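So that you can tell them apart, the chains are marked A, B, C and D in the order they are listed, and the count of residues begins at 1 in each.
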């Protein structure tokens, strides 16, 4: 019989893990990719929140002398066409990405939850109408709908958030609806009803928390796609306008012109977007493994 | 009668977040050709894991076979390579699973699934194997076997599917057939037919059968010898007659009280409302077993000794073994 | 089956009608109209000329009438006239469809060729270094903005070949076209391949946990046989769904990629038309995309029925 | 040389200048050019962008044209095109053209004086089926009537003498349209008399022109065809040029930061820098706070560091000038020493800014109490870039600007409604001519006077210079107007843009005219040396 190292096997399985810190460490070891993702997302949020402190200079300050300056000790990631420090711009870009990403995700989730609960709860023709509305919104690819929304609303930070949030609604609504449908017949919900709790109260107090796990997984995925859609919109000139330093727009017109003469203008914003979305995706995968019992191995 | 299959000190452990789970903890048994050995217990007692251990189909991780020997025809199946083991599976030792719907590949025809084992172990080509598969279907009394062989599992009824499973398991004329709850998922009427079929085919094929079930009614009808398992260990072992006549272990006794009358079962559907007397409590989590007898918390006879010390497994009467401090009382 | 089909088709029709209203309404919300654009292009602001353009294009009529005119035209196969080119919209849209179609087709082929095998390998070698590597690769596919990938590909192309693929409408022959569209197709398909790979992997893992896989093993089937004969076919069913839907949703990726690679397909044309407030083009193109998406969904369901013997018609 | 008297004299006939084909030229070949964007239409008269003029000028002919062999467009280098000769009446109010006979439209119809009348009647604002927009109506304010005398003579009757009238007819924006082709066709597949016919104009894709075998200038053109490919992404266009996909770049497509790369990748490329006749300027809403206060306007203009703009936008190649394109490239602009005296053009920026800060402090602003404004501009990079620099510079004088990017569709609406404070704008001027520039942009009744600038005195001076026959005197008035506009902070000019156009050395016979990008694109003398 092969020699088996019980302790190693147990450690891999996570036995004897107690306390907050060792649990964190355990999960980090169990889901190394998720841990990397969490670190990236944390760094991203930190950067966005403290952009003013981290960025060495004003991201909008132009300087003729340093137009297209290559990376140096002064401009770590080089300077753009107008001599603005790319490093500072990318740091502040995190703020725009977070604002749009989190804003759109939050708004999309709130609307989606409202519609999903209404749909799953009220059923009948309300459900039918809302479901058809969701069908309609899902009949267009996310970016296409976002582009049309963005164009209809005009370019601004707020409108961009709105334009991205709306297309995110149907998937949230569907998840919430199906959870609601299955939950509302469960004993504890019936019990709540039996003690005379109002339907709305039941929906919010009992049903909603139980849809949380799939929602968290979905929301993480949506954060990533919201950031990507913002970048695409800005790339197409329909997203967040100047002077907000948006990663997507940094890649659009002028940067694309200097693909050869100033490749840093193309590389760094792209790296920033990719890394951030990559982080949210990693985190989202790990969360799904953790929270979705069906996927748990 | 020399044993066809000899299992010694089999240990299968699972490594989980909560610690080591000894799903199978030092189990020995043997079964001879033409003999039917029943392994009985509630779900979670380790009987299915015992079966999967024989096949070496324990999912790893988290499970591992940590000790023991499974001797079949002089070879220890736990020592041979995976490749050799593959030649054993389905050939010398094969298995029937509980849920015939999910245990059959939904996108493969019945005939192909039966033929697969023949192609693997009998050097047949596809035509020969398919032809043999039809014969096997005929053997398990499936009407219009040629037609059925071309159908998909979902097109067959539950009983038919289980017949097909049996055909598949017996296709290569195995020395040992492991039947893991073969009738649990079936209607009562069909259960009896399937059991009859297994008994009949066993006689024909001279196979050793290990019947795994939680249903002592099935055991009484089919098995020659019985092993009762609880929390990964054997707690009682005897021939069917003595065991039913006088169960020594309180657990076995408890199980017996929950058998519906055999006469009632036959030909009549069990009514859901007619609850049987059950053993109070549940099987404890295997990572948190009490120090003494694992059954003590649920046992009406349990005393301090039971809670303190694990009873030894000993031959209480001739051919009747049990692990209990109170077999006399 | 008949009833199911009728119900499905009815829902499709409802969705499309809803879409037509939605898109029509959204477009009327867009600030500025074609007349503003045309006046802007010439840089004069003559209210009389503008009013005439607005009148000629029928934009001064009640919106319900405009909507009805559009739908009525659609019912008769008349897509109206493009505002900018002043040619029948169908003549503007039709020649661009095969371009995007070819690109999307090539991208999907690429995505499948890459995604399915890697997904299978990743699942079979679950939790090995290879699996981690492939998962990182597939996640990166979902994380890279495709326009950035496109720019990088262009950069690399210039670096290594000293040139870039410029779309040539006169390129004929299969290989010439494939050569021209290969790079953009890879860029578009990368994301899809990542998606397909992830789904193949998780679907494969799911299937490998199934009882019938255990049954196959109990018959002595080898790993390869278990993975490919038993698991893969079952695992591919959901993958086919995602391939079908992804094929329709590829339009999103096409928009930026056609822009980066300057391919005159429908996706870029849509953005251009929105910019120009060319309502007939935007409306009809959006409807076209919606029809493709809805039809793809339908076809996927149908394919599912055909491929999965468990699902019965009816 | 610049003061050379133009030959305005009555009765002096422009000689027939149809050049005989010189022996070196080779026939044949297709010229491939990249195009920067989708032309709004193919009808030159309805549009005001190089995107239309550059590809489609070759489809048409003018009555007269700036001598294609001359580098500088000037009133004294105008030659006949469809007109064989022309003459002014004694009172300089009637301009009569003798037309070339036997010219055919691309559809086979004969060209006659009626077509000329149709064209200019429409341009002067009469109802017409050949155009639906008329952005340059203001050019023809002074045109009272167009009369024909037989099929081959046409007379333009002016309200007062206007020497620039002939200049305007010589520009690329003044092709002769036919009576019989409706506006819709002119916008999509125009019919002209020119050296090339339109085969196909695919939106967002390509413009294909082929040689007109029946061109009335015998032996021309040399090229078989011109293929324009529309490539909105500049780096793609330039890479295409570098890798030989294109023989020539779009006009002024190569900015200075990019020139180095183009030359490095394609060392044999011929590149020529010239002013684009487009200037960046600041639109000021003088009817609303805070810029209704002349003091604030003055502070604004004093804060400008034109060199810094210039350095960023063109590595210092843009030209500093007032309203007119400055000499030597420009024919009319004021001399440099005079320019330096205008507000905002002083070489000592720090001194000017100190002065501006003093003004602002006087108005109660300071580092802790900045003046908050919005700077509107079109949401296009070439507009946004200078606007971002402007905002940065205004920080120096306690003005805290926020960029307000306006979708291009509603830009003019917004400006026309005076719904802005500051705007960053680009103004293209079709011909380097004071009438064209002043009437379009500063005359109180012009459609294109976006800021609604009204100054009776300036209007009077504009009319005065327009009628002035003596070139020397006229220039003086022009300079006075430029100075007045600058003092009044009408539309402070930040710079006259300069950019490069490049082509492969095998492209021969191309003469770029330095003071207008809009005038030299007939392509009838261009040939390929293969």
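Remarks
Heads up, the rule we're going with is that a contact is a pair of C-beta atoms (placed from the backbone, for glycine too) under 8 Å apart; a residue touches a chain by one contact, two chains touch by 3 or more.
Quantities reported herein were computed from a predicted structural model and do not represent experimental measurements.
Touch-path distance (fewest steps) from chain B to chain C is 1. Among the other chains, D has the CA centre that is most remote from the centre of chain B. Between the chain pairs A-D and A-C, more C-beta pairs are in contact across A-C.
Of all chains shown, the one whose average CA position lies nearest the global CA mean is C. For the pair chain A and chain B, the distance between C-alpha centroids works out to 50 Å.
Inter-chain centre distance (chain B to chain D, centres taken as mean C-alpha positions): 92 Å. Put simply, the C-alpha centre of chain A and that of chain C have 22 angstrom between them.
Shared interface positions of chain D, i.e. residues touching 2 or more other chains, are given as 233, 235, 265, 407.
For chain A, the set of residues touching two or more other chains reads 154, 256, 259-260. Among the residues of chain C, those in touch with two or more other chains are 31, 154, 158, 259-260, 275. Interface residues of chain B facing chain C in the complex, by the touch rule stated above, are 55, 57, 86-91, 94-95, 97, 99, 102-108, 113, 116-117, 120-121, 152, 154-155, 165, 168. Taken in their complex, chain D has these residues touching chain A: 233-235, 238, 255, 257-258, 260-261, 265, 307-312, 315, 379-381, 384-385, 387-389, 391-392, 402-403, 405, 407. If you check the complex, the residues on chain C that touch chain B are 210-212, 214-222, 225, 229-230, 233-234, 237, 307-310.
The part of chain C that touches chain A in the complex is made up of residues 11, 14-16, 18-19, 22-23, 26-27, 29-31, 132, 135-136, 139-140, 142-148, 151-152, 154-155, 158, 202, 205, 248-253, 255-256, 259-260, 270-271, 274-275, 282, 286, 289-290, 293-294. Of all residues in chain A, only 32-33, 132-133, 135-144, 147-149, 151-154, 224, 228, 231-232, 235-236, 238, 248, 251, 256, 259-260, 263, 266-267, 269-270, 273-275, 277-278, 281-282, 285, 295, 297 touch chain C in the complex they form.
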